[in-house]
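Each in structure tokens, the structures are laid out below.
You will see chain A twice below: alongside chain B first, and alongside chain C after that.
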Partner chain A sequence: MPTLTIDNQEIKVPAGTRVIEAAKLLGIEIPHYCYHPALSIAGSCRMCLVEIEKFPKLAIACHTVATDGMIVHTNSDKAEHARTSMLEFLLANHPLDCPVCDQAGECKLQQYYMTVGRHNSALLDNKIKKTKARVLGPHVILDSERCILCSRCVRFTAEISKSHELGIFNRGDHSELLNYPGKALDNPYSGNVVDICPVGALTDRDFRFKVRVWYLDSKPSICHGCARGCNIRVDYLRRRFHHNDGKRIARFKPRHNPDVNGHWICDAGRYSYKQLENEDRLLTPQVDGTPGGWDSVLAGAAKAFAGHVSEFGVNSIALITSASLSNEEMFTAQELFGNGLKMEKIAWRIPPGPENKDDDLLIRADKNANSFAAEKIFTSTSRAKDVEEVLAKTEAGKIKAWIVLDADLGPAFGDERIAKAAESLRFSWYLGSYRNATSQACRFVLPSTVFTEKEGTVTNFAGRVQHFPAVVSPLGGALPLLEIFAKLAGRLELPTVETNPARVYQSLGQSFEHFAQPIYAAPTAKAAPTSKVS
Partner chain B sequence: MKLVSKNFDVPDSHKLAVCEQNGGYTRIRKALEMEPQTIIDEVIAANLRGLGGAGFPAGRKWSFLPKDNPKPRYLVVNADEGEPGTCKDKYIMTNDPHLLLEGIMIASWAINSHTCFIYIRGEYVKQAKILEAAIAEAKAAGYLGDKMFGKDFPLEVVVHRGAGAYICGEETSLLNSLEGKRGWPRLKPPFPAVEGYLACPTIVNNVETISYVPWVIELGGEKFASLGSERNGGMRLYSVSGCVKKPGVYELPLGTNLKDIIFEHAGGLFEGRRLKAVIPGGSSSPVLTPDEIDLPMDFDSLAAAGSMLGSAGIIVLDDTINLVEALAVLARFYAHESCGQCTPCREGTGWMRKILDRIVAEGGRSVDPANLERIAKNIIGNSICPLGEAASLPVIGFAAKFPEEFAEYVARGETAKPSTTAVAAVI
Partner chain C sequence: MATQNTIRVSVRRRAATLSFWEQVYLFEVIRGLWITTHHFVLNLYYHILKLFGIRKTHPLTPTIQYPEECRPLALRLRTLHRLARRDDGRPRCVACMMCETVCPALCIQIVAAAVDDPNIEKRPKSFDIDIGKCVFCGFCVEACPEDAIRMDTGILDIASYSRGGMVLDIDRLLSLNAATERTDKEVDQLQKWLLQ
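Moving on, here comes the complex of A and B:
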């Protein structure tokens, strides 16, 4: 454990720690471009030069290993001069097209120019022309003139996605980051190169020209794309919706969590935000396809339910639930339908299709966000856990009614089979967010919010419970599922249902040991800071 | 006295039989009777410096090999010879390839390496063929291959041709290229002696350095050392080019006076010409004025004079040479050869080239000389490998020592163009 001094502060670090990381522990950010903690060290941008006593020249903090007694100055005249010089070099051939660059506002060139640059241009000669607007793959577009050749993207595709699409070609100031001839940047993680590109060379084709980043607010969240539960940052607009095709949510970005997703997310998760406000969202309650007010539709739904139960008994009804509901929603559903109404058929299991496989980075075959909790919470009372079984029993006439919680059965079982099975039903409710074959097959449709419009927790495949806040308000007439449950309970004259997720989680913890750990911030505590992409 | 160049003028000196008639392969036989450590000690005592450019003592480099590393060790001979003004290695490989092979055998025995790569400049097609032929002859004679002179010591020598990049002469870039990777220099540490070819301990030495090893064995370290100057043992090949009557490669003791090399050995200047400048150690070494050339050509004396012995490629420039144009040629070379990996060298060499090209084409601006110097100084010490420095030192040297040549261009440019401040304001 060497002890070193950085800017007059002593710190003890594990052997092998690089100076840049040691400084980080002291809260000192040494400007850097090519260094990324999850990638191998390139040492090529030379932005992190610092002065180390007894060294013959400046040393790069990203490669130099901290040793005992080392004395580092990150802000000496020499170090500052070197940094400004490196920035001047990097800008010498840079097009300075910030006004039309999507990276503006979150660009490390802009940032360091303001903090450590501020030199006047000494350039009297022309800049070098390079490739502009080259589409690299389905998600990423390249402006080679903006590239500072830090090689982060090259190392990402070599070391993380292991797909090897990118390389640096030519020499000297004609060096250029490009894709290998005939090879598109098309891998399940390609969007990450946009995040790690410190400048506007690699931009997201999807986000491009939609909105200036300074109009965005951010909240931390959890991706619901699969059972991994990658930590994300939701960037959204609070005003000026005309900037983003009228949508509030502009993008998902990965949020660093070493225990879950490291620095990355997959493309499927990254672009899953698009459906959150698409035209398939259910925005008003409906009966038999006709929109109605909440009151009248709820009244009809409750009446149908009560009539059915008195005629056929509760055991003729199946609850079919998505395994992506929050822990709180699952627990409330279990309390309401399982323990309260004594329904025995609660099904959530749909085996992943053959196209879905675990990979060795993040992606899980299970595309549900919360199968872990479903297994814990519903298993105790349910006697029909597989959706296939419920379908078969419906087709055999044994199940005569469905209550569907945000589960689209079409992709797994085929739209026609669902429509046909539903025809035989005496009554059906669909509580969910999107119009699909299942919602269209159900009589009463009650629109619920998506995860960015509600607060809750989900449990990933490894059992990790993770919290997500409501980022934006409910779209249209949609309501959080907990509130719909409460309204239904009222109509059915059942005990009151708690709608505050934090309090539901508390009860959940009392019933299930796994959820006993506190997750919600104590009421007075400040919200956890949103970590930025490094 | 001649050592390495002794057989250069012997007809068919590249053939094994001719070479053996002239003393070839006697030193390796002697060396095989010696303990490897004894050989290393002799090389240290000989003060044999690395003749590729940096002048690092060869014996000391060999002793840096880790003793406890179980991985194989490699010897890599640097035959990339890319430094402008330098052509000595080519002479050795053309005229006495077996001398180089003998040196390789002794060095391999000394450092316990069984594979040697000769990384040869791509343009040296003829030399690569000569080396291949020499290796085949040595193999057929039982000097190389499974056994070396009957001793249970296998040694393979592989000729690997480069593809024409100056930067691949830099040892770590060379190793990357040898491994089939892009020729980008590596970060140090680790140094090649610890982690080199395929991350195994590797010694990289220049052709000339290795070719002197047989002579260290023949003469003994102490005798060899005494031929040169203090801490600069033996002799070396000086490549003299430019404005002299007899350009060529001259083998002389280390420490020979530069003035004597130019005026006696290389025949002096052409009639009626005046000496303007001398680049003493390959294009990367800072230029000397005529007043500064009365000095011994060894590593330490040139360093003391603010220049470098480098590859000992002496470029003589007389009063017919326009130094700004000469500097522009150099700037173009370095900008073209910068590998582009690190920021200061990639951007700085290109920028200096642009400025110098513009000065030559349309005259300079008053800010140009200072800006050139500033750019050069911002590269120095901040790049990954020494190419950045090599590109900058000439600029600083020329600008500082020959300001009047720049002033002429600036005067021309400033009268022809709007003032630079006006241009800068527009930009």
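Moving on, here comes the complex of A and C:
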């Protein structure tokens, strides 16, 4: 455990720690471009030069291992002068087209110019012209002129995605980041190179020119794309809706969490924001495809339910639920339909298709966000059934009604099979967010909100319970599922249903030990910082 | 943060009470009538001199036959906005949103789009200024890195029968030009548009 002194502050660090990390522990930020804690060290940008006593020259903090008795000065005149000069070199061929650059506002070149640069360029030669707007892959576009050749993206494709698409070619100031001939930047994690690019060289093709970043607000959230539960930051517009094609949610960015996703998220999760406000969202309650008000549709739905129960009994109804609902919604559904209405057929298990496989980085085959909790909450009363079984029993005429909670059965069982099975149903409810084959097969459609429009917790495949807040207000006439449950309970003359997710989680914790640990307590202190990618 | 050095300003207040002569009232009325009559007679005198060609200018109150006749505007006066063009006719604006960001009245709305030309990359798909909201502060002109938005049209009389009519779109803004480079024909056309 070497003890070193940085800017007159002493700190003890584990052996092998780099000076830049030791300084970070003291809250001192040493400017850097090429260094990234999750990647190997390149030492190419030379921005992190610091003065270390008894060293003959300045040393780069990202590669120098902290040793006992080391005395580091990060703000000495020599170090500051070196940084300013380095920035001048990095900007030697930079086009300074910040007005049309998507990175403007979150660009490290801008940031460090204002903090440690502030120089007048002494260079007289013309800037080198390079290719602008070169498409690298389906998600990423490159501006070579803006690139400072830090090689973070090259190291990412070599070390993290292991797909080896990018390299730096040519020499001197003709050096250029390019993809290897015939290899497009097309891997399941390609969007991450945009996040780690400290300048505007690599930008996102989907986000390109949609909205300036300083119009965006951020909230921490949890990706619902698969069972991993990656920590994300939701960037959204709170005003100026003429930007971003009138949509509120502009992008998902990864949020650092060493226990879940590290610094990364996959492209499928990153671009899953697009469906949140697309034209497939259900926005008004419907009966047989005709839109109606909440009151009339709920009254019709409750009447159909009561009539069916008196005729065929509650056991002819199946509850088909998605395994992506939040813990609170699953628990309320279990309380309402399982314990309250004594329904015995609760199905949620759909085997993942053969195209879905676990990979060794983040992606999970299970595309449901909360299968772990479904297993715990619905199996606890030994009523769980496979959806396949429910479908077979429907086709055999044993099940005469469905209550579907946000489950899209089309991809797993085929749209025709669902439509055909639904034809024989006496009544069906669909409580979900999107229009799909299942929602179209159901008689009563009650629109619910997506995860960015409701608060809750989800449990990832490893059993980690993570909280996500409501980022934006519900779209159209959609309501959070808990509120729909409460309305239904009122119509069916059942005990009142709690709609506050924090209180639902409390009762969930009383019923299941796994959820006993408080997660809603002191939400402001608990919320993870929405740190930008380092 | 509270500043350490506060400036003390002493204001001399006018006495609230009236003097004796002011309280008498009649005297003040006569004084007021004298000022009005003085200006009237003087104006009449000089206008008669001008009418008979004895004097060429009015040294006192002039009469401007607005809108047929206008006072000359200072070149630096902030007037209705316009969007300037490049030499090849394309808009100078690259939709960087600086003016929209700096606008204190939130009257500018820009929607950006990509262009194929890699030297420009970005252009405004739509660019709306709500003149009804604009406070003519000129911050947009200051902020523009491309010298695209300018307030030099010399147009000050802006009116419409609807709120929507006060919103100028990109075509309108690009069709205007600077007051200094306007031909007589364009002045006539502009006059027509303004009088519509």
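In the analysis below, the second predicted complex is superposed on the first by the 524 of 534 C-alpha atoms of A that agree within 3 Å, B and C clash if a C-alpha of one lies under 4 Å from a C-alpha of the other, contacts with A are read in each partner's own complex, and residues count from 1 in each chain.
Here, a contact is a pair of C-beta atoms (placed from the backbone, for glycine too) under 8 Å apart; a residue touches a chain by one contact, two chains touch by 3 or more.
The shown structure was predicted, so the numbers you read here are calculated from the model rather than taken from an experiment.
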Clash-or-fit label for the pair chain B, chain C on chain A: fit
Contacts of A:T131 with chain B and chain C, given as first, second, both or neither: second
Partner with the higher number of touched chain A residues, chain C or chain B: B
Touched partner set for A:H242, first chain B, second chain C, both or neither: second
Contacts of A:K54 with chain B and chain C, given as first, second, both or neither: neither
Chain A as apex of chain B and chain C, Cα-centre angle in degrees (nearest 10): 90
Touched partner set for A:L123, first chain B, second chain C, both or neither: first
Smallest distance from any CA atom of chain C to any CA atom of chain B, in Å, after fitting: 13
In the complex with chain C, residue positions of chain A that touch it: 97-100, 104, 131-133, 208-210, 212, 214-215, 240, 242-243
Partner chain A, residues of chain B touching it in the complex: 165, 167, 182, 187, 335-344, 346-351, 354-355, 358, 365, 367-368, 371, 374, 378, 381-384, 420, 423-424, 427
For the chain A and chain B complex, residues of the former touching the latter: 41, 43-47, 49, 57-58, 60, 63, 82, 85-86, 88-90, 92-93, 120-126, 128, 148-149, 168, 170-175
List of chain C residues in touch with chain A within their complex: 94-98, 100-101, 109-114, 118-122, 126, 145-146
